[in-house]
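Each of the two complexes below includes subunit A, the first together with subunit B, the second together with subunit C.
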Partner chain A sequence: MDILNALVAFTNFVGVPAIAYGSQLALGALGVTLVYSVLRFSNFAHGDTMAFGTMITILVTWLFQSWGLSAGPLPTALLALPFGILATMALALVTDRTVYRFYRTQKAKPVVFVMVSLGVMFMMNGLVRFIIGPGDQRFSDGERFLISAREFKAMTGLREGLAIKTTQGITVITAVIVVAILFWFLNKTRTGKSMRAYSDNEDLALLSGINPERVVMYTWLIVATLATIAGVLYGLDKSFKPFTYFQLLLPIFAAAIVGGLGSPVGAIAGGFIIAFSEVTVTYAWKKVLTYIVPEALKPEGLVQLLSTDYKFAVSFTILVIVLLFKPTGLFKGKAV
Partner chain B sequence: MSDSVKTSLLFLFVGVLILLEGTTNVLFFSGSWNSALVILNMGLVSAIMALGVNLQWGFAGLFNVGIMGFVALGGLAVVLVSSAPTPGAWTQGGVGIIMALAMGAMSLIAAIAIWRLLEPGKLRTVAMVAVLGVGFFIYRAIFDPSVAGVEAIDPALAGNLGGLGLPVLLAWPAGGLLAAGAAWLIGKTALGLRSDYLAIATLGIAEIIIAVMKNEDWLSRGVKNVIGLPRPMPYEVDLQNDPAFVEQAAGYGLDPILASTLYVKLGYSLMFTIVLLVLLWMAQMALKSPWGRMMRAIRDNEVAAEAMGKNVTKRHLQIFILGSAICGIAGAMMTTLDSQLTPGTYNPLRFTFLIWVMVIVGGSGNNFGSVLGGLLIWFLWIKVEPMGLLLLETVTAGLADGSALKLHLLESASHMRLLTMGLILLLVLRFSPRGLLPEK
Partner chain C sequence: MKKLMMATAAAALTAGTAFAGGHAKEVKLGILLGFTGPIESLTPHMAGGAEMAAAEVSASGKLLDGAKVVTMRADSACIDNGIATASAEKLLSDGANGIMGSDCSGVTGAVLQNVAVPNGMVMVSPSASSPGLSTMEDNGLFFRTTPSDARQGQIMAEVLKDRGVNSIALTYTNNDYGKGLSDAIKTSFEAIGGEVTIVAAHEDGKGDYSAEVGALASAGGDVLVVAGYLDQGGLGVIQGALDTGAFDTFGLPDGMVGDSLPKNVGPDLDGSFGQIAGSQSQGAEIFAEMTKGADFDGTSAYVGESYDAAALILLAMQAAGSVAPADYASKILDVANGPGEQINPGELGKALEILAAGGEIDYQGATGVELIGPGESAGSYREIEIKDGAVSTVKYR
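== the complex of A and B ==
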């Protein structure tokens, strides 16, 4: 029984949140990885692209709510999501036309692209703050829990409860669907194949008649979609704040690099690795340990390895370790 | 137009902007000398930071986006050097903390030694992980009670180790040293990486430094802030109570309150200008020296430089440390100017990316360009808000008073800053990628 209680406590406080957070990171890292493999630079504006998409989704959600439109037990934001995606796609394409294309035709060095993306980051960040303000926004509505801790306890008779928030469930399901569609697209469709060809060898792709501008356009469309979905899921699960989204850049980059920049499978694996390590290292293990260690060894403190404010340090340490020992990442990424 | 004329004209332009700020209140100028000096002082500090970044980026092509971390370390140095020691802190746990940190460092060194000395294989991995694991628990076992001891001392006012109580000016070089030490550690691990990996690595380290300063209350009181740090200038109140000063101020026709605030700010401006000029002179000398030429050769073609027998990694480490040290000095100066350390206010947009805008706009590779960029962009950063308000007031003039859109737009004027800085950066990168004062 104690083992079961420990397992439930572990799932409740570590497993479920880490899976949800990992899915959000994976979607974000997929966007970073796609930009890296097709456009060949690290996009520092990705966090703010996520923020922009989420902001539009929130605005449309508010509009729907004022009309009395809702998705029943699901959050209204899911209805608003397509509009957020469309707006972000438009923004990404406009940015590419006005900013990135110039440097692409010039064949500028990757570091110039990174600088340019810093400029874009500033502008998007300013735009988001300008429109919705720098404050915290909560926009999750509908049913709060799939299973609440009390229901779970009543159901199983265990002392520990297991709560799964609706947003966590939605996050995982959406992530699975999105990733499945993405991989189908990349592997089976003509456009997806041309994207991979372009990413593998630009010149060869050009020779075989692939239109680079088209590939770039599709990449931005997909990246905008992924960024918006990742942003909205994160916002539903926690809350939306422009600065937090900017800071998400670090774990997202860490996830993409740990998995191997340019490798979609790596991005997903990286997302979960980062999320699980962040949650396990900053979780206070006391509760779980009290069930499994004998009475005499009961821990006195919280048995927390690091305080939660050091979660950046965790993703970062993993990043450094991977870079030092396996610079191309766990799944062979590529290096420009 | 020759280069030196252009340089002088651009500097003159910034000077005129600051003079206008002091004298007239048309448009977005405030007409207050106090405000002009505040802008000038932070502008000088920013120029020093830009000088440090230019050393790394302009000379050596190192893409460091962790400036905020080094600036914050400089600020920490002010607390450690110049604030008064907390009575009893050392006996109640200070020694323990140092021991724990030494313990942690030793287990890290031991782990590295195992990695280097043993043959690759399962044994090596297991031994290293074991050393690190055991080391961590011993470290926590010594560290936690010591920290609790220190933080228990008068938590409302102190709760930290305090400093050495030395003169605050000593904290400036100390800030440089602290930042240099951190840069050495970071450079040793991260400098071998590709440019954008280095960027992400430095970005992460800066966040970690801030996280440490926010959370380790025994060190810097965390988010409780350290206030009332000693100042190199006298307090305004003391000046106002000093009959000799009041008389002198009256001689210039100034009232004592205004005179005292201006006196203090001018004092800072003078000190900062001296530091800036010294650093600028050193950077210029370095640029012209064989060492500077070698750096630029490495930047332009690493492979060729390496083939010529230059040790690229070592030179990179060297310049990374130097540039970071300059940022550390600037950080210490800034904390001295504020006479408080507020770890919660360090924001990468303001302390890392804004400095980058300064360097790019000024002209990377040109020391004068960085100084110019620092002063000019800082002026804009402060003034974009009133400019934006002015703009939005003009735009919304047609809207009815009290309409929701008008209110929202006027309230959002302060967020124009980031938008404008992004726009400036993009425009400069696109149309004048070498900046206002290009490298020769």
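== the complex of A and C ==
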């Protein structure tokens, strides 16, 4: 029984949150990694692309809510999501046509692209704040919990509760579906293959008759989709705030680099590594240990390896170690 | 004839300069607040409060023979010392005669040391509450209309004790404000026999607080005290703690008190309690009336303090008969405290008149201003409890 309690406490405070957070980071990192492998630059505007997509989704959600439209137990935002994706696609394509294409025809160096994306980031940042404001927006509705801590305790008679939020469930399921579709697309379809060819060797791809503008366009469409889905899931699970999305860029890049920039599998693994390292290394094991060890050995202190202050230090230490010993990341991406 | 012409010309000239003197006289008041960053949802209202005081003074036409108050907003970013000092320097180069600000404790200290003290500029902060600012070398230039958190720590400990809470878990936002306040709460609570199971920092602006909530839950405690910001990490931690069933009741210090918190968290927050600087003064009610028609929210946190901070600067200028910080800095304590005629919000014109006539005033303002020690508010607090999704007042301490 005590072992069960320990297991439940651990799942509740580490397992479930880290899996949900990891899925969100993985979706974000996938977008970053795609831009890096096909367009060959680190897109700093990714966090704000997520914010833009989420903002449109929120606005459409509000519209639907005012019409009385709802998805039953699921959040209305899922119905609004396609509209957010479409708007973000339009934004990404417009940005590409007006900004990035100019530098692409000039064959600008990657570092120039990075700086350009920084500029785009500030523009989008301002745009989002201008439209929806800097404040916190909550837009999740429907059932809040799949299982709430209280229900779980009543159901099982355990002393520890296990809470799984609907949004956490949706996050994980959506992430699995999206990743499956993405891999199918990249590996099986003609367009996906041409994207990979373009990414591997631009000149050879051009020689074999691949239209570069089409590849770039498809990349942006996919990136916009991933960014919007990641942003909406994150916003549903936590809350939407432009400032937070801007800050999200850091763990997303850490995830993409740890996994190996340019490697989709790496992005997913990186997302989970970053999420779990943030939560696990700073976890105070007192509660779990109290259940497992005999009465006499009960821990006095918190049994915490590092204080939560070091949460981010942990993920960046992992990043530095990976870069030192395996500069291409865990899954053989491209060296940065 | 020649003489007459000269006389007329001279008269016209003097009249002209007198005229120009009356009109060109402008008092520039810098409003240095974090319009971007962690408290960006509070600052527009705070600035609104300060501008209301400025507009009231301008409209009365009694400040230094009819000077107009021009307000200039500048961004402190709340947590970015670089931006804050650059903004303060810009205010100075634009000719500010006084600075209402800054808001967050960290940037306020930075601006004070790097800009205000070297340039002899007066700063009156409406909300910086770090105990560290009490002892910082300020050459008599820094004042605040909010009390130090050392005081708030004691009040929080008393509130907890009175509610029969024996052990707390404590988390704070990782900056000067959060650290200072959490230290004060920990010391005061332990001094009266309470137990603090864990003190854990959280970073603002991150969104994911699973790690913090996990550690806090593991440590346990009757109540989780969150010394953070209601728009930021504080909200995230509370949400996470409720979702995982780690804590049901929360202690909310001033940075967490606002209407957006119960609105965002929902009914689960009912029963949580805390305190925010405030007094049962007549001024508070008058101020609430005054701000009803305004285009900002007068009930938002620190709006009254902002009004008072701006008013104090302008009244001190009147008392000194000068807009030079070196002249009026020493007058701020005089106008804020007795003896003299009590001044409520909306009576700035009357106060200016009394001061012009050489009388004395005891500025009460929207928050019952009483400055003590190194020029900080004495510290009366309003104990609050979240009831039915709204912040309600329990009593004043």
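A few notes on this one:
The working rule: the second predicted complex is superposed on the first by the 324 of 336 C-alpha atoms of A that agree within 3 Å, B and C clash if a C-alpha of one lies under 4 Å from a C-alpha of the other, contacts with A are read in each partner's own complex, and residues count from 1 in each chain.
Please note the rule applied: a residue touches a chain if its C-beta (ideal position, glycine included) is under 8 Å from a C-beta of that chain, and two chains touch if they have at least 3 such contacts.
Just so it is clear, the structure is predicted and the values come from calculations on it, not from any experiment.
With subunit A as the common reference, the superposed partners subunit B and subunit C clash.
Of the two partner chains placed by the overlay, only subunit C lies in contact with A:Lys165; subunit B stays clear of it. Once chain A of one complex is fitted onto chain A of the other, the partner contacts of A:Asn12 are limited to subunit C, with no touch recorded for subunit B.
In the superposed model, A:Tyr283 lies in contact with subunit C only, and not with subunit B. Of the two partner chains placed around the shared chain by superposition, subunit B and subunit C are both touched by A:Asp309. When the two structures are aligned on the shared chain, A:Arg150 is found in touch with subunit C, with no touch to subunit B. By the touch criterion defined above, A:Pro134 reaches both subunit B and subunit C.
Once the two complexes are overlaid on the shared chain, A:Asp96 sits clear of subunit B and of subunit C alike. Of the two partner chains placed around the shared chain by superposition, subunit B and subunit C are both touched by A:Gln247. Superposing the two complexes on chain A places one of the subunit C stretches 9-17, 45-53, 63-71 or 99-107 into subunit B: stretch 99-107. 134, 243, 247, 307, 309, 312 are the residues of subunit A that lie in the contact sets of both subunit B and subunit C, per the superposition on chain A.
Against subunit A, the residues of subunit B that register as touching in their complex are 61, 63, 136, 144, 189-190, 193-197, 199-201, 203-205, 207-208, 211, 214-215, 347-349, 353, 356-357, 360, 411-412, 415-423, 425-426, 429-430, 433. Within the complex, the subunit A residues that touch subunit C are 9, 12-14, 17-18, 21, 134-136, 138, 145, 148-150, 153, 161, 163, 165, 234, 238-239, 241, 243-244, 247-248, 275, 278-279, 282-288, 302, 304, 307-309, 311-312. Contact residues on subunit A toward subunit B in their complex (touch as defined above): 41-42, 44, 99, 102, 110-112, 114-116, 118-127, 129-131, 133-134, 243, 246-247, 249-250, 253-254, 257, 301, 305, 307, 309-310, 312-313, 315-316, 319-320, 323-324, 327, 335-336. Here subunit C touches subunit A in the complex through residues 36-38, 40-41, 174, 198, 200-203, 205-208, 210-215, 217-220, 231, 235-236, 239-240, 243-246, 260, 264, going by the rule given at the top.
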